[in-house]
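What follows is a pair of complexes built around chain A, which joins chain B in one and chain C in the other.
On to the complex of A and B.
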């Protein structure tokens, strides 16, 4: 049995510290980092909230305040969510908003807030309405579908950056909204399959190098669309297993440094492929735990670095898939708690490692 | 306080609200008419510029000064995709010379190498230039040289590499393709383990769409196998080179067994002695090489499995040795291979 003394913070997950760390993030609004990352604010809230859910502490952030903030990010004109109130809509922020509202079980309770736009003539909504009403109007839906390119890939916004990440975001958003029947599945899948490389992995666009984060989005997309039989799963799972380095950590490409976030990208893809046992779980758990900040909480990309909310989520999510005790199971295809995807009837056939005791 | 003249480009300290030529615009604050729950307190310069940007967008203004304004905003926040988008639209509407824009963005791209928008903007510019510039190929070729400069600061940058691959496929001209292999070889000379360079090699040699009979696949394969063997001899435990070797054999449907002699040199405990005959087709591992190397053992086991029959036993032995000794981290995977083979 491992020691439970407080000095062994690097060998156990310090849940109370991480909860405190996530709570503290919104408090320092004078912090330079806070301003620099405003274009990721809604994503950061999703990362923080999901990390809390995995640690069974969803109550640690104020629900009403969070819902109000999410709704203030609604970009009336574009029909999607921006990363922050007053920011232009982006498909990534839109997914985070949908995820947060679903996590808070708020999708049928919220009023769309007063319009925050400066062009009253262009208002589409004249009064307050609920999210389901808004969705029935088809607004975000239309916007998401309009981002699909002739090649089948999705763009992130009207600027037109294309990438399999945006395809995944679109697919997950439509799935959570129960609107997958509106998607051109064959076209979407065919672009993803074109991103497959000679080493078995997937890249961000056709011709691009295999990268574990892109493998995650492609595999999770195929899982959500029930199209996993279209790929060579064994070669891919082997490429993923090769990402583990002697110190236990995982990298995203050969010869790159290990990073805690790959604990989720690699593990999620492997659990969807049912090959999670190929990872040396003990070594990886030790690596993730060693990247914790033992004083202020939070998890960093690797030991000794500054923690952030992104790596905190993907650290605990990785631990969850590895069966670390006391954690809620994360659904690797959606990066949401399994309880949520079960509730929505969206759980696919993936396998996490058995819970340790 | 002395006023700097408005056409002075060093005039960076001045806020837009202080500039005489912007007096006709009424800036729009971020939180117009709402009480934000989580307000952002930006620097005065950023807040000022984005307030004018909102006003410009609202008025749908197309003018030279929009270019200065958007440039200032993306300098402060290169991830501001709306400013990029508006800038590109304005450039096109004004018929602004796009090659000038491209050059203006050079230093910027290197400074913000990891920002996606920087490369997407160049992609839009090159797309437009291909159909509008008098000599698009020379622009593309200059762009390839620029990308080399950018990659020299980070030889594995993901967006930069995929931009290069996009450019080559988009222009698809022999004049552009021909420099790629020498470039890859220069990179691998510096770092033979650079996976991005190996990937690019595959893209250039095998990914390029060619007409039937344009190249002799047999000759190309021979050259690529010889090259890869030499690189493996330099660094036997380099997974990128082994993956490339497997990739090209699978792509050309060449049996793994054809490389048996070479692979065996790397699967034994000890390096072959100096007295052995020099076989140029099968370069030996260097004196300091760590042997046997795991990728070679894996390769050899695949050869045995490919041959089947009695040889399957040899494959199983190798997988067991990988799991128990040479690659213990992936023990479960090697056990899986053994189980699969036994169940057949």
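On to the complex of A and C.
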């Protein structure tokens, strides 16, 4: 853990240290902590891999091993991915799986049956179909669409927890698979718009208080579906700008504490609205850097706390949108590198700050 | 066999309540194995027990989505009973406890949005829910305990909308008392943005010009006392711009010019004092100075 004196003196992003930190996460599979976080494993791999991509070190984790692990999380019965081998399918883990496979450019190179044959779930793939064929023809798509509720919101799985986060996950998944034409866009958007509050923000369900994480998912969803003209952008950008606190960090709601993860959630929405200049970038950069662990790498929620891979991604993603030098630009609507969304023809009209030198 | 498996899920979830697959497995054991072989009273007992388990877990992990979600599932699966004459008895008994549970959770953390969302879910779905006027009184208590609790102000805005739409409160009179409540809070702590955001909700889209004039005068008074108050200046710009946008034809040329000048001066000062958001003020200033505005 970092001491506050050493962390406050860090003024640069320690890329080699963060790379080492992310590499170390998969190494101790006997640790209790590894098993205690198994319900987030696939998400954690996506967070780590995306952070590495932003730091231009995608090569730091073994590609074949990662793809094999992702495929081992396939839940044949439900038609989606679970967070870990043997866990039930969930829409969140399914998006992470799709994102990882796309980041690894596994869609046309990977020989699915071979990879899958190494894993316990080998019985599920009979033909030598490629991954995109499997994904687009197969169950995930049907399952994602089947999770849409009559109100237009999506559920996370068959047990029916609903949330605008799941709507965003469904929309991003379909978009990455090139299947948005199968989505009932009006119904999806109409639920999201019902979650909008007078302060310009969005909540998790109808009636819920505005929260920066839900603002991210709702604004990114509207951006992907080209529906940003439906909202009051000026009021929302004002609410977002008011998330910055005197210490430079951002909070998620009025009168709450700062946290590094909001560096992405708030900035994502601001860059989609073209309003990143409405906060103090220098002070936010300093805040994110001060939350680094200068000894073992990784970024924490705030200075002095224990780092984790979640805050490490959202810290570097925030720095990327602020134009921090040496980082690949992150696409705020997908939380994937811009090079990837450009390659897929999915880049929308958002604006990061100019790259610093 | 299934009772062993069921007990294992309890042990695992006490260790790590975020294991969503274990919750799923537990629900599957209940619905597929236990419930078909049980009397309705036993089903009700099992669900009541799970409600107690999740309350224990929530006290340690108040922000874990899947625990809240399991509570909803339990409530929604309470069977009819105890008797044919009283089919709602068990449901009522279980649902009634929920308001108590959620109040405990909000006493521990008055901003926990999981708890607030759950509260709204309970109020919307329980039979014999307390009326919105009771909920309004609850938000008053929460706000009086802490003016900074924006979650309570937010809930208040939703409850008042319901009361106005249902005609249970006269919108005009009730708004007036809301303005008094807010003004009290503004004077207590002019830097607390919760209060100002709520004030902006009360003003709404600014169709009422006399209301705008009155509130502008009242905020100006506070600004005279606290000349550096960012939120006074921010709100004055907002409401003066609303006057310009919505009521230009009713203003004289001189009045219009004066409002523009006021806004420019306030924005220039905000750009100097609220440095974090400097560019926003400069952007609005530039927009105001464009001839078309």
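The definition used in the following text is that the second predicted complex is superposed on the first by the 327 of 357 C-alpha atoms of A that agree within 3 Å, B and C clash if a C-alpha of one lies under 4 Å from a C-alpha of the other, contacts with A are read in each partner's own complex, and residues count from 1 in each chain.
Operating definition for what follows: contacts are C-beta pairs under 8 Å (C-beta built on N, C-alpha and C of every residue); 3 or more make two chains touch, one makes a residue touch a chain.
Not measured: the values here are computed from a predicted model.
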Is the arrangement of chain B and chain C around the shared chain A a clash or a fit after superposition?
clash
Look at A:291 in the shared chain and tell me whether it touches chain B only, chain C only, both, or neither; answer first, second, both or neither.
neither
With both complexes superposed on chain A, which partner does A:192 reach: first (chain B), second (chain C), both or neither?
neither
Just chain B (first), just chain C (second), both, or neither: which does A:174 touch?
neither
Considering only touches as defined above, state whether A:241 meets chain B (first), chain C (second), both or neither.
both
After superposition on the shared chain, which partner residues are touched by A:100: those of chain B (first), chain C (second), both, or neither?
neither
Where does A:205 make contact in the superposed view: on chain B (first), on chain C (second), on both, or on neither?
both
Touching partner for A:25 - first (chain B), second (chain C), both, neither
neither
Going through chain A, the residues touched by chain B and also by chain C turn out to be 38-39, 86, 88, 90, 157, 159-161, 197-199, 203-205, 207-211, 238, 241-242, 244, 246, 253-256, 277-280, 283
Listed in rising order, the residues of chain A that touch chain B in the complex are 26, 29-30, 34-35, 38-39, 41, 65, 68-69, 72, 84-86, 88, 90, 114, 116, 118-119, 156-161, 197-199, 203-211, 238, 241-242, 244, 246, 253-256, 277-280, 283
Quick one: in the complex, what on chain A touches chain C?
36, 38-40, 82-83, 86-88, 90, 157, 159-161, 163, 197-199, 203-205, 207-211, 237-239, 241-242, 244, 246, 248, 253-256, 275, 277-280, 283
Flag every residue of chain B that touches chain A in the complex, lowest number first.
28, 30-34, 36-43, 54, 58, 77, 79-82, 84-85, 88, 116-117, 120, 124, 156, 158, 161-162, 165-166, 169, 193-196, 199-200, 202-203, 206-207, 239-240, 243-244, 246-248, 250-251, 329-333, 336
How about chain C: which of its residues touch chain A in the complex?
15-16, 18-21, 23-24, 27, 65-66, 69, 72-73, 111, 113, 116-117, 120, 148-151, 154-155, 157-158, 192-194, 197, 200-201, 204, 275-280, 283
